[in-house]
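Both complexes shown next keep chain A, but they swap its partner, so chain B is in the first and chain C is in the second.
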Partner chain A sequence: MDVTEKSAPIRIDVKDLRKSFGAFAALDGVSFTVQPGELLALLGPSGSGKTTLLRAIAGLSPAEQGTIHFNDEDATTLSLRERRVGFVFQHYALFRHMTVFDNIAFGLRVRPRRERPAESEITQRARRLLEFVQLGGLEKRFPAQLSGGQRQRVALARALAIEPNLLLLDEPFGALDAKVRKELRAWLKDVHRETGLTTLFVTHDQEEALELADRVVIMRNGRIEQIGTPSEVYEEPATPFVCEFLGNVSKFDCTIRDGEAEVAGSLFPVGEENGLNGPGVAYVRPHEFEIVIDEHGEGLPATVKSVRPFGPTVSVELVLAGRDGPIEIAVPRELIGLGDVQPHRVVHIRATAARIFAAG
Partner chain B sequence: MFWLGLIVLIPLAGIFTRAASLGLSDFFTILVDPRILEALKLSFGGALIGALINTLVGPVVAWVLVRYEFYGRGIVDAVIDLPFALPTAVAGLALAALYAPNGWLGAPLADAGIKVLFTPLGVIIALTFIGLPFVVRTLQPVLADLEPEIEEAAATLGASRWQTIRKILLPALLPTLLTGFALAFARAVGEYGSVIFIAGNLPYKSEIAPLLIIIKLEEFNYPAATAIAAIMLVMSFLILLIVNLLQGWARRRTGYAG
Partner chain C sequence: MQFISTSPRLANVSEPLTVRFLLLGLTLVYLLAMLVLPLGVIFVEAFRKGYETYAASLLTDDSIAAIQLTLLVAAIAVPANVVFGLAASWSIAKYDFKGKSFLITLIDLPFSVSPVVAGLIYVLMFGAQGYLGPYLQAHHIQIIFAVPGIVLATIFVTFPFVARQLIPLMQAQGSDDEEAALSLGASGLRTFFSVTLPNVRWALLYGVLLCNARAMGEFGAVSIVSGHIRGKTNTMPLHVEILYNEYNFVAAFAVASLLAFLALVTLGLKSALEWRYGGELAVSRGH
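Showing the complex of A and B:
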């Protein structure tokens, strides 16, 4: 459905953005480009600067240094109205005293008279947006009479009503429960496809970022750790931080020699040439282990702590000698005889892949 | 319910039975006494003006206290309660001293040709003074509850600052503003201690109705006193009723039931 006039989506160029709150550097030299029509996730722990970055792009709290360009136009010189940014807040920020319809029409009604569409056109456009966000028939409700998921849809329709240049969403699903969250996630993907807008969203949920985004920007302490497609950042994390942040990994101290990582006498294969030597750390994801049942086999000896045989993979918790806390591994159901993997049994585990970094 | 009846309703009923014992013609004779009429006009007019001023100034004060961090905010916040906490006579004396022709504020005003002491203006100032905390204190929690994101949302949608205030903030605050107005007004109508010193109590000019009740009582003219009281009661009740209806209307418009 045609909800926004399809002008070409814009490119965003962010260069060397800096901002601090007192002694705390919220943005510490951030540069990146968002391609036209891209769906980009800003991912990081709280305090990493992702929301500050989003707000700077929106013009809500300008950065102290650096530039932001929308295509070739310097956005830092534009007023909020001129930027035409569709912004969706975590807690919806709906106008409580207005109906759903009036909320959506607000951005059109506050335009200067010569730019303002006729009331009949405003009505038409608001109706169309309501249909688009699947809330047809609810235009006379007040926000207090809607569920959280519905409110966030209204917020999005309101943001789309101004025919924004780009769409920015600040933890859009953060205040919703898990089920609604999943629904809205799929729906946001549809919205992005249908509007074609350059879209940025902030999240601290790596699963959300990896599932939705074309590319993910991973932030930490006001800096960008890595930018890449979900599979790039997942498979080839640039830093230990990215590795640890993107889901479940086990970390091992290792010695790197000739491109291979040795962990307590067992060799972890490392895919590519890395030029590293000396002490390092190796990260292995749960599905990159295999279990060797033979008690004298090669690999690291480990004692089975618990087995959870649910779903397509079996999740096994193991305790390794000389290591704090159990590690979790996931093996395909058909590859292990469950009879052999029982609590208290000693097995050997081998890594089939690992990511290594120099220590320190 | 029982306590409400005991504490509020029985004294009110007492006033009405007392006033009713007057008989209708006597009642109206008292009513049309120009001195009483003037006093009622001053009390209600002054309270109305005072409450209106507070409804304009109160939101600004509350806004500053809620939204801005500044040195000494805690002190300013505490000072707001002063008209509440101060014995009314003390407040009255302080105001009278302040606005006397040789007082801090009275002197420059007198130079400008404005006389405050012993005039209706003085009454209005006193009634404004004691009403302010009611408006500020009712607004503060509601303002604190209005997230800055609401304003940011309006701004990203292209609204100017003025449009945001007019279309977003004021409508959201309207029900509360009416409550604050009603409270400030109700307090001001019955105010006595802080007014009489600055007012000077010149009959027909700066004499307020509650004072007139006292005067009548001191003259042992109980019927007149209760008649004035009954009239004040009815008028206050009517005004509060109107405010309540307005409030209900404003609430319905915001989608909150009741």
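Showing the complex of A and C:
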């Protein structure tokens, strides 16, 4: 469906953006490139600068230093209007005294007379957008009469109406309940595919970022920790922070000796950049453990705390001697059938993979 | 004044029925004695000598002049305070700057200063013996004992009304809507008229109503700067006082009845607004 003029999607080059609020550096030298037509997630905890970055790209609150290019055009000093950015706000920011239809038509009606389409064309385009966001028939409603998910769709249709150069979404699903979030996620992916727009969205939900985005920018304290495809950042996290933030890992202290470290009963090589000797931290994901059935007690002894047999793998909580808090591992279903893994039993586990970094 | 209905409490934590009736009865008697009866008396006294005397006393030259002056003063003071109120609440709600809470306190000043003091300030500034007196006299500009002084004093007394209604509402609404409009390509002016103003329209109207009622009814500050020149610098409240002091009770109550009628209309419109747009107004009634 043709909802925007299919001009070629643009590339965004961000170079060394800096912005501070008082003594707090919200953006501390951020540089990256968004490829034309890419769906990019800005992921990070609150206060990491992801929303500040999005607003700087939109021109809503300019950065103090650094440059932003749209293709080869310097957009750094362009005004909000000139940038022509479709921006979707976390709390929708729909105009409450206007109908759904008037909200969507707003961006077309406020154009200078020379560029403004005829009213009949505005009507036609707004109708088409309404169909596109699956809200046909609701044009006479007011925002207060819509559900959260519907409001978000109106906000998106309104942003698309101005035929934006790029689409920016600030925590687009942040204010919605879990079920609607899931639906809208899939839908946003469709919208991105059909419009072909270069799209950036901010989220603090790692699952959302990894599921939706072509690439993920992980931010912390106003800096970029890592940029990569979802599998890159998940499989090869660049820093301990990325490991922990992407979630669901067990952290172990270890000692690196001669370029190797022992983690949870196994010996792993350590990359040279982390030093050949010294204290280290290791991260192991739940599916990177195995339970050793061998009677001779290889691996780490652990007491089974609970077994949750939901989903394709079984999640087992284990308590290790000398360690605060249980660890979680995921094991194949078949293993449970053997009857060894039951609460209060002692089993032996071993890590099959680990990411090891120099400590500190 | 507004009565807020609360959900009924559980019977076992509620006061006995007699206590409730007693409290309710006390409130009603008090309101009746202190508000309703005096208000009724105004109308009774005004019409004591019949409709024709009532009309005649309203249609004297001095009374008409007073009514005209009151309307003129309100017609200047209210728009001035709408502009000021919008500007002040916009800057307070949408920008961050040092001394913001001081500015908010300052806006409340006329609520806490006696209107008489407000009047005296203007006499001290613009009066014949005041700081600017010699300059004004040299240029034949009269402010005190003239219409400009009355307008200034009225603006001073009424300026919190609009701002106080708008500030909390604008603060609660934030700037997202404006940013959205701007990002969609609207100009600043267009954004203000299509987005900001409609967002606060009912609170603004509410503020205008209160501001207008006070502007027309103001006595203290205006009394100091007016000089009580009949037919020239007498507003309706001042005119009532003069008539009363001359023992012209029917005329005094006739003019007073107009003011009372204005108050009733204001009250009615205010209640209508609250009833219809209660949700939007609730935010701004934090004080």
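To be clear about the criterion, the second predicted complex is superposed on the first by the 335 of 360 C-alpha atoms of A that agree within 3 Å, B and C clash if a C-alpha of one lies under 4 Å from a C-alpha of the other, contacts with A are read in each partner's own complex, and residues count from 1 in each chain.
In the analysis below, a contact is a pair of C-beta atoms (placed from the backbone, for glycine too) under 8 Å apart; a residue touches a chain by one contact, two chains touch by 3 or more.
Worth saying up front: this structure is predicted, and the values here are computed from it rather than measured.
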| item | value |
| --- | --- |
| Simultaneous placement of chain C and chain B on chain A, clash or fit | clash |
| Touched partner set for A:Phe201, first chain B, second chain C, both or neither | neither |
| Dominant contact partner of chain A by residue count, chain C or chain B | B |
| A:Thr99 touches, of chain B and chain C: first, second, both or neither? | first |
| Partner chain(s) touched by A:Gln145 [first = chain B, second = chain C, both, neither] | first |
| First (chain B), second (chain C), both or neither touched by A:Phe241 | neither |
| Touched partner set for A:Val85, first chain B, second chain C, both or neither | both |
| First (chain B), second (chain C), both or neither touched by A:Tyr283 | neither |
| Touching partner for A:Phe132 - first (chain B), second (chain C), both, neither | neither |
| Residues on chain A lying within both footprints (that of chain B and that of chain C) | 58-60, 80-81, 84-87, 89, 91, 93-97, 106-107, 110-111, 158-159, 161-162 |
| Touching residues (chain side chain A, partner chain C) in the complex | 58-60, 80-81, 84-87, 89, 91, 93-97, 106-107, 110-111, 158-159, 161-162 |
| Residue ranges of chain A touching chain B (in the complex, touch as defined) | 58-60, 80-81, 83-87, 89, 91, 93-99, 106-107, 110-111, 141-145, 155, 158-159, 161-162 |
| Touching residues (chain side chain C, partner chain A) in the complex | 176-177, 179-187, 190, 194-195, 198-199, 201 |
| Chain B residues within the chain A interface of the complex | 147, 149-150, 152-160, 163, 167-168, 171-172, 174, 253-256 |
